[in-house]
Amino acid sequence: MQKIGVFVCHCGTNIAATVDVKAVVDALAKEPSVVFAADYPYMCSESGQNLIKDAIREHELTGVVICSCSPRMHEVTFRRAAASAGLNPYLVEVANIREQCSWIHKDKAEATEKAIILGRAAIAKALLNAPLIAGESPVTKRALVIGGGIAGIQTALDIAEAGFPVDIVEQKPTIGGKMAQIDKTFPTLDCSACILTPKMVECAQNENIRIFSYSEVESVSGFVGSFTVKIRKKARYVDEVKCTGCGLCTEKCPVKNVPNEFNLGFDNRRAVYIPFAQAIPKIAVIDPDRCNMLKNGKCGLCSRVCEAGAINYKQTDEIVEEHYGAIVAATGYEISDVTRYGEYAYTESKDVITSLEFERLTNAAGPTGGVLLRPSDGKHPHTIVFIQCVGSRCVLEKGKPYCSKICCMYTAKHAMLTREKYPDTEVYVFYIDVRTPGKNFDEFYRRAAEEFGVHYIKGAVGKIVPRADGTLDVQAADLIMDEQLRISADLVVLAAAIEPSKTARKLATMLTASMDTNDFFTEAHPKLRPVESPTAGIFLSGVCQGPKDIPETVSQAGACAAKVIGLLSKNKLTGNPCVAHSDELMCNGCSSCANVCPYGAITYLDKEFRMPDRTTKVRRVASVNPAVCQGCGACTVACPSGAMDLSGFSNSQIMAEVDAICR
Amino acid sequence: MKYLPTARLDRFLEDAAKLRKIYVPVDGEQNRAAYRLWMPGTVVSKALNTTRSAKDFFFPQTENLVGFRRTEKKLEIVDPRRETEDFAVFGVRACDARSFSILDKVFLSDPADTYYANRRAHGLVLSVSCRRPAETCFCTAFGIDPSAPEGDVTFTDDGEGYYVRANSEKGEAFLESLSGVFDEADEAGEKEARAQTKRIADRLPLGTLPLEKFGGGKTKDLFDRPEWSSLSESCIGCGTCTFVCPTCQCYDIRDFDTGREVRRFRCWDSCMYSDFTKMAGGNPRLTQKERFRQRFMHKLVYFPENNGGEFGCVGCGRCLRACPIGMNIVKVLKTLAEDGNES
Amino acid sequence: MNKQDLKEEIVRMSGSAVEKCMRCGKCSASCPSYEDMEYHPHEFVYLVEKGDIEKLMASESIYKCLTCFACVERCPRGVEPAKVVEAVRLIVIREQGMNRLKPDDIPGLWDKDLPQQAIVTAMRKYTK
Amino acid sequence: MQVNEEFVPTIVAFCCNWCSYAGADLSGTNRLPYPANVKIIRVPCSCRVNPTFILRAFQRGADGVIICGCHPGDCHYTTGNYYTRRRMTLLFSMLDYLGIERARTRVEWVSAAEGQKFAETMRSFVKDVTALGPNRRLEDLRCRKD
Amino acid sequence: MQERLKARARELLGDGVVTRVLGWKKGEFSYDITPAVFESAEELERDFVFDGFCGANLSKYLIQEASKPGKGKILVFLKPCDSYSYGELLKEHRIAKENVYAVGIPCEGMADADRIRARGIDGILGIEHEGEDFLVHTLYGDERVSVKEALAERCLSCKSKRHASCDELIGEEGEDVPDDVRFTEVARLEAMTPEERFEFWRGELSRCVRCNACRNVCPACSCENCVFDNPASGISQKAAADPFEENMYHIIRAFHVAGRCTDCGECSRVCPEHIPLHLLNRKFIKDIDELYGAYRAGESEDGKNPLVSYTEGDVEPSVVNERGRA
């Protein structure tokens, strides 16, 4: 026989003003199996909690129903109180008679009647509560960071700093990401490489960090605390251990005409190359598509000159299997394709470039040694037009509906730096809105306009026509003047939208992490859990979650690291015990549940059953991993046989509540 | 001997309905005939038989037995029984008419089932002889004469009307109070009508069945026959045969909580269901073979054993038409009657 | 038609979501008839959104649009300004009995150098 | 208690814990009234709502059943409400096919921030169900209140 | 055709490819055919039958038959619509495929004895196929019925003569049949007023005796333990003690098989009360096709059914209110 205690809270006058608390106590005391019922002004106060604890002990209660504020408010408090009195915390039910009763109803009789019904429903549910014990699972104390840009680097460094081993997987031959290609950073204008490369070196030197460069994640299995990840180390054809990064192979390589990705194709590299001088790891890599030796076995020059004997044309991809407790997605972004906007003549003129290309053209380590020259003829440009929102805020199929966030600031930076270095230039910026929320951001933009004389024009560019004389005829609107402008420009810079890495969706599928329609990873909660994926154990760092600038990326990377450290510092993970469970005697093994599980928490086992006629039979049955299950209940409805049920919200409990309400 | 011309059937029913509720077979949706309360305008079905048997009148599919009502922490017991009105069922065929005597042996033997007894006491069976038996009819195999059905009153159909004869005091009294609608007739006509039916009945393909191997005392011969496996292998374990059967009488007792009251009711159960004999300790009939065997052994061996040799089947043929997989008592009988000496 | 009905009618006819406009002006930047127009494509969108449509109806700008659809092609918000211009033009023409000109305008356009046939046709058309 | 014999429907509202239940709390916090005959059952996610729960409510005397969840795309469990949407669309269509009044069932997406919407939704739902009168087509006569 | 099937079965038994044959067995009359397992050529010769009355869908028996340990492979004959049920069961991992040898066989539609009876013909002793007609011998003389008039409803609205899953085909592979009549009856009901629909279904469902034949025969209802038999489910019922329970049982049963039902029509065939249960399942099929794109359960052994998948742009449940309310 169950013994239920009912506790009705006045919440001062919050409840008592519209609900006759005494009447509720009297009515609920008459319910069968209720052995104790009391009210108290503040049930959540220490003395209120003591009332509950004493009653549990004195009446040997098997269940507790508290009629009070929303369970979202104090369920945890009351559960803890019950636990301290020796009652399993999951035997506590809360009837919400404040937010969902006293605060919305004015008529006292009506509100009291409803409070009684809500109390009865809670009792009906409490009678079917089972003591639940949260499961535990071990934590592998190693983290994986996918992506070696500034987001990944910072996350890895912070985790490593806390004493946990971290692996970085980077698909390119070097870490560094986009930040390595940027010239200067806003709003301070310090040199990007100067602040990034020390961090890259730190990564290489930190004992807790391993870098898998030129590698990709092949598969992910497992769950929070114990993921198993297969990493494909692509063949570099260079022995990582032996290579000293001297660069001799690169010098001697006869294939000289490979467009250099790092400089966005403005200059060439060799078939064997090191992406840039400060690359980490500084190990050469052979481009198998261009190397003569790999293509047709004719050359082998690099192998002959390499004193370390590091060249190995027979190298193949290698799959490494590693175990992790947490995984960080830091896959960053790419520049969206501007060729889809024919009006900007990007494909027609070499002098229409993207902002990232502009970065390389102004970078001292870039193809022009930092001198701004027109890509077409290498001449000094005099009139430069910057166009904002190219592809951003565009709801058409080819565009991105979101604001790329960083373009206003880097365009201001570019315009300012151009005017500073080349005062003879006229610089125009066509903007729709200038968005500068950020510390010292607006001041920075205003400086560009006020001190450096950048012409900011509110309006868009309609069309660019390359002229025979090498100039670009820019046709634009000036909305303030209400006139159509024509500018004859020497160089046009497009602030192209940024988009998530093309690899992100494939990765998200492997991680069972969710994504939005733009392929940005979804956070567990947009406000309160911005660096976690809804999938436990998966964390988000940097632009893969949404557009952001470097300082934001670094702070998110740190926040992400803190979450990872928090996870890895635990020896065991305690789960939410309100998870699904399958009755294997009823399970058909049909896979319906696994098909709807957003967490991949359900696997199937072939299990041997003793049949009623004393034979045995092997049947496929579902098994829920309680560490992965988050307790949504989607599987319980998908299951036709009713084998799947959810602890804490069982079928019978919900139906008992329905019955009590409709009684 | 009384005679009721078909043209006067409506008047008879109208007069009868003034005395008691009267139920008649009516053609329903999808060519299903079913018993309905007669009201002016109701057309009596010409179908050979109803889809469901007439046992529903005395042993309905569900019936409330008792209720429990809770007031605060006390429990009150509620008796749901109300005074039953008198009623009559018209159109019962010989097979169903015989089924009542089988049901009586179950429900009226000591201790009598008061719910059933109450309905029997208030009900009047007005049976009608068959004129066009179907190929699935095999009542004759069980000694039932389709031309002379049992019942409180027998209506012998001659194609143009009915020879009416009372077989019980209740029936006598009923006819007495309705004497105005009948003509007087002699028994020769009735005899001729019966003979007509008999001539067809003699040609029924299943009219005689090899029953010698069945009946009381045959448990040992039949229980372990290997044929049970192949006979039962296609059985899907539904309850169709038992629910259309006029003599199946198994039921389950369940509780239903209405929110204000718990109602204990009984409802038909089927020995074909996997949970039929499920008990606290398990289930003694583990496979469909055992459940299947039970049904036929009960009808053909156990029931006669306990009831003076009367078989528990009346040969109405409903199960032959209804079984989803075409298995039935006739096939079982014929298969088991073949050389069964090996076991 | 009142202001609101007029706006709804234009939105219905054009199928254009004027409220999606983010005021970038790309339509006007792309417009080949910009110089000839009193109200420019972005202003069409803006004024329709505001419900200030009489101004547009009274303006010659409605006849300046070449319906080249450059603005439709380039509008990043899918607003389709040319369809808005077309809708305003249609409203005006429908109000005038399917005619570009009002009868009262004719005397002002009278020119003795006009071809005879044009004068006769105009007389026939506008004296009905 | 009320003297007039006006029909007051019994309404069961299933609310997901993360959005709609919180939205209901918010309408309380903001003192936005809705009729007291709406009783809320908390479920972890709208996808926890089994069609049998809905039928059960009608069986036991509910006159209307409403399911509230996070807006599609905002599900705390990422995809739960997408399944709810399909299941309920098909279930409601089936109920309609059986001749059950359409307005007795509804799905609404209410976020944790939409206290106002929650109250308005409940008011409009109660109004619709009240207009239909008592549920007679999908009730269990045994459970009918005397 | 019967002889071809027999010959092939004998061959496969003889070669040891299979140890048993799942087929149809002769009955007392022409129409009461029973599914049966044949283990020898003699049994086949004596009892195997394949004619216009072999409506029973054999696929569900494979759940049991293919899981009998040490029994080897079983040969099964699948008509096109049965093959979809088989495909769906494979997809749901209910049948051990390695223990089945599925032979697809053509089907020109299966007759239903009750359709013949509905024409006032009773006392049926035997039925012979004569060209376009059935010659029916009865106790009361011979009668003639066109084959088409004797076909079961499901065969008149056949969805496909093409097989979904099978290892071998006997005869020519057929083609999909356009869905022009399959949904006519559903559409007719949809066009009614809610009151008319309610009356229609009340009239039909009130005849339900809860014999469970529809469920037990249904290849999609293959649960180890049905919710309606499981007292712990809270909805178990043994009888339709109230009209509500008739509705509950049939709604939930249709819902549980939604997206999985192959429209084989067995439920309606076996119903002793002739309730058109397939109209419930077909309603779901029609809705799924209209709202989520054409989908045919059982067609493929992999992929997700529409009830366990979604798209972000799915219609809202309020579409139900908008439909038919132009």
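A, B, C, D and E label the chains in the order they appear, each numbered from 1.
The criterion applied here is as follows: a residue touches a chain if its C-beta (ideal position, glycine included) is under 8 Å from a C-beta of that chain, and two chains touch if they have at least 3 such contacts.
None of the values given here were measured: they were computed from a predicted structure.
Enquirer: What's the fewest number of moves from chain C to chain D, given that each move must go to a chain touching the current one?
Expert: 2
Enquirer: Going by the stated contact rule, which chains contact chain A and chain B alike?
Expert: D, E
Enquirer: If each step moves to a chain the current one touches, what is the fewest number of steps from chain D to chain E?
Expert: The fewest touching-chain steps linking chain D to chain E number 1.
Enquirer: Which chain has its C-alpha centre farthest away from the C-alpha centre of chain D?
Expert: Here the answer is chain C, farthest from chain D.
Enquirer: Which chain has its C-alpha centroid at the greatest distance from the C-alpha centroid of chain A?
Expert: Relative to chain A, the chain whose C-alpha centre sits farthest away is B.
Enquirer: So using the touch definition from the top, which pair is joined by more C-beta contacts, A-E or B-D?
Expert: The greater number of contacts lies at A-E.
Enquirer: Which chain has its Cα centroid closest to the overall Cα centroid?
Expert: So the chain sitting closest to the middle is D.
Enquirer: Whole-Å distance, chain A centre to chain C centre, using C-alpha means?
Expert: Their C-alpha centroids are separated by 48 Å.
Enquirer: As a quick test, compute the distance in whole Å between the mean CA positions of chain B and chain E.
Expert: Chain centroid spacing, chain B to chain E, equals 30 Å.
Enquirer: Mind pulling the residue numbers of chain E that touch at least two other chains?
Expert: Where chain E meets two or more other chains at a single residue, that happens at 227, 233-234, 241, 307-308, 312.
Enquirer: Scan chain A for residues touching two or more other chains and write them down.
Expert: 596, 638, 651, 655, 659, 662-663
Enquirer: Can you give me every chain pair that touches, using the contact definition above?
Expert: All touching pairs, sorted by chain label, are A-B, A-C, A-D, A-E, B-D, B-E, D-E.
Enquirer: In their shared complex, at which residues does chain C touch chain A?
Expert: It comes out as residues 20, 22-31, 34-35, 40, 42-43, 70, 74, 76-78.
Enquirer: Chain B touches which residues of chain D in the complex?
Expert: My answer: residues 60-61, 140, 142-143, 145.
Enquirer: Write out the stretch or stretches of chain B touching chain E in their complex.
Expert: Counting only chain B, the residues touching chain E are 28-32, 34, 48, 51-52, 61-62, 132-135, 200, 203-206, 230, 233-234, 236-240, 242-244, 252, 254, 256, 265, 267-270, 273-275, 320-328, 330-331.
Enquirer: What part of chain E is in contact with chain B in the complex they form?
Expert: These residues of chain E touch chain B: 27-29, 31-37, 56, 60-61, 113-114, 117-118, 122-125, 138-140, 203-204, 207, 209-213, 215-217, 229, 238-241, 266, 269-270, 272-276.
Enquirer: Touching chain C in the complex: which residues of chain A?
Expert: Touching chain C from chain A are residues 343, 389, 393-396, 399, 432-433, 458-463, 475-479, 482, 484.
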